[in-house]
Amino acid sequence: KPSGGAAGGKGDGLTIAFLPKSKGNQYFVTCEKGARAAADELGAEFLFDGPTNSDPAKQNEIVENWISLGVDVIAASSENKDGLSTALRKAQAAGIKVITYDADAQPDARTFFVNQATEKGIGEALLDNTASLIGGEGDFAIITANLTAANQNGWIDAIKAHQAAKYPNMKLVDIKPCDDLKDKAQQETTNLLSAHPNLKAVISVCSPGVPGAAEAVKQAGKTGTVKVVGLGLPSENRAYVKEGVTQAVILWKVEDLGYLTIQAAAALAKGELKPGDTEFKAGKLGTMKIEGDNILLGTPFAFTKENIDQFDF
Amino acid sequence: MNGKHSREITVAGALALLLLALGILAPNFYDLQPLLSRTTSQMPALVAAIGITLVIITRQIDISIGAQFSMCGVVAGVVAAAGFPLPVAVLAAVGTGVVMGAFNGVLIAWLGLPSIVVTLATMVTWNELLRLWQQGRLMTLPDGFQWFGLSQATGQGIVIAVAVALLVSAAWTMKHLAAGRHVYAVGTDAEAARLAGINPKWTTFGVFVLMGALAGIASVLNLVQSPQVQPNAGDGLELKVIAAAVVGGVAITGGRGNLWGVLLGLLLLANVNPALTHFHQPPYWERAIQGLVILLAVVADGMKRTKKATA
Amino acid sequence: MKPILQLSDIRKSFGAVRALKGVSFELLPGEVHALLGENGAGKSTLIKVITGAHAPDEGTLVVDGETLRSLTPSKARELGIACIYQQPALFPDLTVAENIGLRLKKRSAFARVNHAAQREKAAELLKRIGAEISPDAEVRSLSMPEQQLVEIACALGSGAKIVIMDEPTASLTQKEQHLLFAVVRDLRKSGVGVVYISHRLEEIFALADRVTVLRDGESVGTNRVDDLDEAAMIKLMVGREVAALYPPAEGEPGEVVLSLKNVSCAAGGVQGVNLEVRAGEIVGMAGLVGAGRTELARVLFGITPADSGEISLNGGKLTISNPREAIARGIAYVPEDRRRHGVILEMPIAHNITMAVHPVLFPGTWLRFKAETTMAQDFIRDLGIKAYGPEAPGGSLSGGNQQKVSVSRWLATKPKLLILDEPTQGVDVGAKSEIHRIIRGLAKDGLAVLMISSDLPEVLGMSDRIAVMREGTVTAVLPGGTGAPEVMAAALGQNRGKEVA
Amino acid sequence: MTSARSSLKSLFARHEFVLLAVIVLEVILFQQLGRRFLDGANVSNIFRHSVEIGLLALAMTPVILTGGIDLSVGSMMGLCAVCFGMLVKQAEMSPLLAGVLSIGIGALGGGLNAFLIARMKLPPLIVTLGTFSLFRGLAEALTEGSKSYSGFSPSFLALGNSDIAGIPAQLWIFLVVAIGIWLLVHRTTLGRSFRAIGYSPEGSRYAGIPVERNVSLAYILAGAVAGLAAVILVSRLGEARANAGIGYELLAITAVVLGGTSIFGGSGTIAGTLLGYLAIAILNNGLKRITAHEIFDRPISSVSNEMSGMLTGVLLLVALAAVPVLKSIAARRSRAGT
């Protein structure tokens, strides 16, 4: 084995590396918090690094760097599925265990995927929520981060499929990228509102897009008339949700996602978790279900006016 | 003489055509409220464009303005979050801009370093510093910040009024005050300007400081448009306003250009994206179209020059 | 009388170049004080110290009784010092009125510009010096001499007590020279002190009261002009007698090398030029500034190619569409603007000299440093270029030596026809006679030489034949030895010369 | 006079020396603070991860020497990557042929820059700002923003991920290109003419140098090298996407300027560019290895990208400011000495 525990800075403990899609994002900051807590609990060394811009080569660079650093296990969320898989395969070839979370890589490039909810699940949750708000019919539009983001495209595809199957009277009129900028999302939504006067709802699949879309709807005086639904953090949307501009913010418990990922990663590295297992005991989260090679976090959660104050992330 | 305003006329023509097409094909574009929001959202860029225009006229460039804009916004946000009232936050933003502008100015005016490299360096430095400091958190501003604590309509009115007032007074200064003439003179020929008793160093320094201050003001005008501020709000702003200046007829070789052209250039570029949306076109052509507009503008310049030379 | 300007022991270095080594100078009110010296003697540097453009390393200035360590351009202006620089320092994008406005009384940066008043003032000044230039014209549309007149208007309008002119006549025509002389005399009468720099001794005799000669950054004395004759003045400048100014022609001209029939170029304003140049002869080309001589040279060198007519070289007809072709055909052109077109100041002399012979010296594009150095050393020796070696950057040389480098570059191409454009412009007498000797030597070796010059004595002294250009065409070809009046008459279009069919 | 030259010479010597010292310092520092920094695998990584930027920096040097700039190379990488992906995956071409074609497409794009800059005499900064948007925009439009290409053959992926004689495969290509461009810039008349043009385009024309043609060649070369860099990047990542090479133009320019090439054109060396590139590449890699030290309560390795960006900016400013400051000190000293 070319690498191994010997590299660990802290005696013979594990070294776990944790890769987010991008760093400048509250979502991954929260994720890291949970992950770090798990690592501390396990007494493992925790390495965290991620890209600060949209250069698709950055994630590979970080992974390959960890390979030569000799970490024991890598947990990654992929921005570019195929691209990152190349690096993750190299890690596996070097004897490093690989697990993905949040956004999956190719199945052969990792052992498990910690699934906070399937693409399908997220897409359906977003659309079902929207549909129930607008009575199952009417125009809606989507705000995404950028057109190249892999798992956002996955969610969008799921939304499209689900709409075709279940809500024939709904129509997706436009998809706009906002470059992960809140202000740009706001401008795009303003344009969407006047370009599509019959718009009933805006779904944002990137987190800065949710408050951006909400602000545009609010400024347009269409609070309540045009519904805003999105994937985002409660803390960033609390005010809009309470005002009734944003109807629902959908997310899983992000901190738990980080926590579970690290627990699984450690177990995998220690050999306590093996392919074929159907259950896995994840510290304070208790026993988690495994479906195939997906470790399930649970279903996504909808934050609404009623419950949003109970969450502090 | 006839060629003097040809650029403004061309750009105004293209803009008019676009607006006309929108009027016929997508009359909703002119609904009052979205129009107002759309206009308000471009005002920070307009204010930054005033600054970059002066910088380019002095034959310099500043690609750090997006970073300055982000930094000013974050500083204002931090000051506000610490409980200081709005005017203090505004002062902090502008002050931060002035300091960053002065930093560029000292290196460029006194050490004679090339502005493109200096501002490239300060751009990455400020941007990465911000990332290190803020980790990309969306900052929530205190209540009473949005629209200066006034109603939305009033707030939008103030934002537009401030930007337009800055534009008008800058344009007036460039034409009617000796200082404006100095900026043109330094951009045309710094040594000749020096011999004419103008201090090119102070002029250049002043322009960069002003650029910083305007970036600060622009960030405030952006800040008040929503209750949150993103630490990378200025990403790409430099390209947007440089493009606007170039399309508006400001010569990158210094000494020539005027702010009305820049206003038109900004409006033209800023309306490409809304127009695509209103024509129900897919968004992925946006960047290519903006590139084409810039190239057409420079090519038009080139053709005009060749014609002049052979005539 | 009390001097209005007094400099004592001024020292100034640029890096290791000691341009001024303790110069003292004084200017009285109401006098025209000429400053003379070879190229690089430090004249321009001295006046830049006076105008505040350069701060001296040591020494003091006394202006109007006030003692100063150094000046800034704006402080100098407040003290009433105005200057017409060697290169016009105007803003091409601004109008004449705006340019003049910028140079008049210093106002606060935040004072309002009164456009109407500025225009009026400009019009008045231009009228006073007799220039027919519109105040609303953009400066970029003006000719060189017109720009020089605007400079003069600026200096006049500032109401200065000290006016400095650095080679103001270098690009002026006869007519404008007269305007300038009138202005200078006018200034003297009103008690203004004028510092006047020129390489043309006849101007010094015509205008100046006193003369200070600089040599090698040091002042070698101040004399009354009346006390000196030309020979004495030259001796002061170069530190030795300069004997025969123009080397005599030797031998008979050979075959026709260059023949032009009806050559025109609309872009360059050249129309129907007919001309022949033979091997071994020097054809001098006279004409007023703006007559189109440089333009003709540019046509022959392929910079602005001809659009009609016939150019033959050694009997063969040819078209020349770019400088590369011209070089390949054996044409060489030593341009008039040395600093912009002649030598690349930042590059070593060796690189400058080999620049036009890359395809020959470096076959297959690989550089051969040894061959290059050898070639450069040969020229440095043959032409007597004063430099510390082939690796010295062009900018470290004096004007005359730069000119020699420029000539070397073209001799390296082994041309059949050598076109020289103002070969001694701004070159001091010593270097000038050396360049003349070199040109004559080349002709003797069988080169056909076309020498454009605005220096009439030079044209008269050097030419085997004299072609005169006016309004873009050759109006007369006169034999060598023709007198100045005839040549001037032809240049001015007073139909006295022998017309060419 | 001789002293003027020698002091100037020592200044240049000093610049590259200073850069070398910075690199040595970096290596020592990272070796001390970092984990397994001088490990064979990591040294490979330093090069493997930065070869694309190194290539762009090499190709950018002639462009800057002519007094120009090319902001479009990063976008050109995106366009070439996408074209390469389409050629291999849709037109089912062999990677070799597709690679050659991609380099050709890069050269073509460089040709567009060249036409506008050299022939139409338009300012390079603005032309390439326009093509910066245009090329990236075309890449996005071609893929409708979201498509990407993957699943390349292992033999192609080997180019980006395997070693030849213990050295990353792409580093061999880099070395060949580096030697080629070094020869071009320092040993040929073309390279000499780049400098001449950078110092004085008009003067060069009067000396019979085909200015238009030579400037064009510099931009075409930059485009072609961007195409090559794109192919290498795709083979390293195993995926071709419209956002390949985003922001690389600025890193390449930084490397060139850090290496002592004047942004105004004329002076500069390939050795300087290589040193500038190395300094950046080592900084970027080394910071990732420092896991035991913290800044702002975070391990340095976890903010390595931010830190290396910031330090690169600072280094650039220091390197730039050092020249005029040293010069004025030298001038003062020489004056005091005389």
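By written order: A, B, C and D. Residues from 1 in each chain.
Assume contacts are C-beta pairs under 8 Å (C-beta built on N, C-alpha and C of every residue); 3 or more make two chains touch, one makes a residue touch a chain.
Everything quoted here is computed from the prediction, not taken from an experiment.
Chain centres here are means of the Cα atoms, and by that rule the chain farthest away from subunit B is C.
Inter-chain centre distance (subunit A to subunit B, centres taken as mean C-alpha positions): 35 Å. The distance from the centre of subunit C to the centre of subunit D, with each centre set as the mean of the Cα atoms, comes to 44 Å. Rounded to whole angstrom, the centroid-to-centroid distance between subunit B and subunit D, based on C-alpha atoms, equals 29 Å.
Subunit C has its Cα centroid 73 Å from the Cα centroid of subunit A.
The set of subunit A residues touching two or more other chains comprises 23, 52, 147, 177.
Residues of subunit B found to touch two or more other chains are 128, 131, 283-284.
Touching chain pairs in this entry, ordered by label, are A-B, A-D, B-C, B-D, C-D. For subunit C in complex with subunit D, the touching residues are 13, 15-18, 57, 301, 303, 322-324, 326-327, 333, 335, 340-347, 351, 355-356, 358-359, 362, 365-367, 388, 391-393, 396, 409. Subunit C makes touch with subunit B in their complex at residues 51, 53, 72-74, 76-77, 83, 85, 89-94, 98, 101-103, 106-113, 267. On the subunit D side of its complex with subunit A, the touching residues are 35-36, 39, 41-42, 44-45, 48-49, 52, 140, 143-146, 148, 150-151, 157, 161, 233, 236-239, 241-248, 285, 288-289, 291-292, 299, 301-306, 309.
Against subunit C, the residues of subunit D that register as touching in their complex are 1-5, 7, 187-193, 195-196, 199-200, 202-210, 266-267, 331, 334-335, 338.
By the touch criterion stated above, subunit B contacts subunit C in their complex at residues 175-182, 184-185, 188-189, 191-199, 255-256, 309-310.
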